[in-house]
């Protein structure tokens, strides 16, 4: 299971670059054309950080596991489904960030995908704790900290999806902040 | 062999997202354009579930193996061939699901690919049992259960391919049911 | 080194499917359009078998190794360079197989890439033997057999590249025969 | 962490081939059209060698590590960000190498990406040494050699980016020399 999961995370994070197209008008004014594509770069970085954050959370979870069961495997496949779907809303977002009405739809779809990722990762952990899949030598403190770490992101996404209907660029920067919030204080077991 | 197999499953399942194109007309009406692409999302989810089911079945098989031989490796390469081919009929299906005559051809090709995957995975397991590659400590009961699990899917595909000539959308939903049928009661050794 | 090598083989073999495009004219006559693309499917299968054969040979080599040195790593990177390049001539071949003058160029480039792969894999093995990287407990017989296995393909490629200038389709089928020749009698150490 | 890193390196190096398009005019004059694409092949080889060099340096670093901490993981994600970004400037470079004004921008972006990769890999190593993450049994000599090996490339990139403003092709060849400089004397621990 870890081999497939790590593979999907690594591939999804690397496929993001394929969404960056050679800019239109590159022959006459390469510099201007490359700079005009800033929404695509922003979407690229936010998605990279978000998949990175989901991967860090996923790794933290699997390190606490003693064993897995069928339900865990199925939930895990759902996590991989949304993670590997992310390059699509990323592309939509990058190509529509300067079109006022299109970007609202794209930012909402993007935010919903990120929120679904966070919700499923949190559900994966809560299921593992509830079903007794966690190692017996894990301290209650550790379990509590990881549970807390995985929840606020979820609330944040709900708020920011609403913000994104009015100010999509602010929302995209908000998604970056959430990803960094997960990435910055990471602490792995080992 | 496991490294290559897991890699191919992970890559094929993640490449599916590349088949989702930015919808035509996205600049004027992003929401309508995104929603009009529902056949592509359906094909995406069914293919994701089908590759996931094939991977679960493949993992169950390799966990029972004591060793592999040359014929097993060759059969395994054939499994990987059809699995890594699946993104192509997925794209055909997603782009033709609203064109009545084209979708019949696409749904049939799609179903034949899924059936070939299931048939080769079942053949892989039967070969492994017949050639004595299975661990000596595997109970007859376990071997019988896995054999039974891998067979009905095969019959189901034959039926649904026939249905797909008349009602392609019903067939696609049927392929989803078969994939979930394999995924839901999964039980791994360990 | 094995992680990178296995990854590149798995990715290259799975990326081949991206070279299969939705056929032109699919909206009016899907069946005819899909069938008219037979050169692309042929190129897909031959490339899949060729990368599979190179991977089997590469795996056989690494299983005999006791350790690696810097030169081995560099030679290995060259092997990965030609393997990961193969999807490009595969696409050229698939798109030109019905254009008499273009296909000669494409078939030659394709054959040269396959020959370079086989030559570099054979060189990798000979270097490993010469530099004493092979396990001390490998029998001379085993080493001799593997050396013999890796050489004839090389000669075959030279002959078939020449044939391909006059009969490109015959050459492509010849490349398939060579790949199967390597795949069929494979025997791994373990 | 190693699984994700190796995966990203393997995928980024293999995705490079997708940047090679079927040349325009291939139907009339395949040989001329394929040869006219030489800038894309050059960019492909230089990027392949550069990712290969970054991977060799990264592997050398992880082999000296005793453990990792949160900051190391975050720095490592930044390394993966620039490595997986490289296919984009590679494509820009390959498509603009015969357009005098566009190629200056593309060569500068390409060089800055390569320099950022080298700088982050060097920073990763210096951080690991400073934070005491290196194995206790590593000799000071080994640590010093690896530190020296990772630094000159950095200086080289700064010089060559400047050269590239006037002679872009010379700069691209210079980047190849730096990559080979890292690849040629590689020595792994084990």
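The chains carry the letters A, B, C and D, assigned in the order they are written, with residues numbered from 1 in each.
One rule holds for everything that comes next: a contact is a pair of C-beta atoms (placed from the backbone, for glycine too) under 8 Å apart; a residue touches a chain by one contact, two chains touch by 3 or more.
As the structure is a prediction and not an experimental result, all values here were calculated from the model.
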For this session: Give the rotation angle, in degrees and rounded to the nearest 5, that superposes the C-alpha atoms of chain A onto those of its identical copy chain D.
Result: 90
Exercise. Could you state the distance in Å from the CA-based centre of chain A to that of chain B?
Worked result: 26
Exercise. In whole angstrom, how far does the Cα centroid of chain A sit from the Cα centroid of chain C?
Worked result: 37
Problem set entry | Residues of chain B touching at least two other chains | 3, 7, 11, 15, 18
Seminar exercise, completed: Chain pairs satisfying touch are A-B, A-D, B-C, C-D
For this session: Please give the residue numbers of chain B that touch chain C in the complex, ascending.
Result: 1, 3-4, 7-8, 11-12, 15, 18, 67-68, 70, 73-74, 77, 80-81, 84-88, 91-92, 95-96, 99, 101-106, 109
Seminar exercise, completed: The answer for chain A against chain D in the complex is residues 2-3, 6-7, 9-11, 13-18, 20, 22, 26-27, 30-31, 34, 44-45, 48-49, 52, 55-56, 59, 183-188, 190
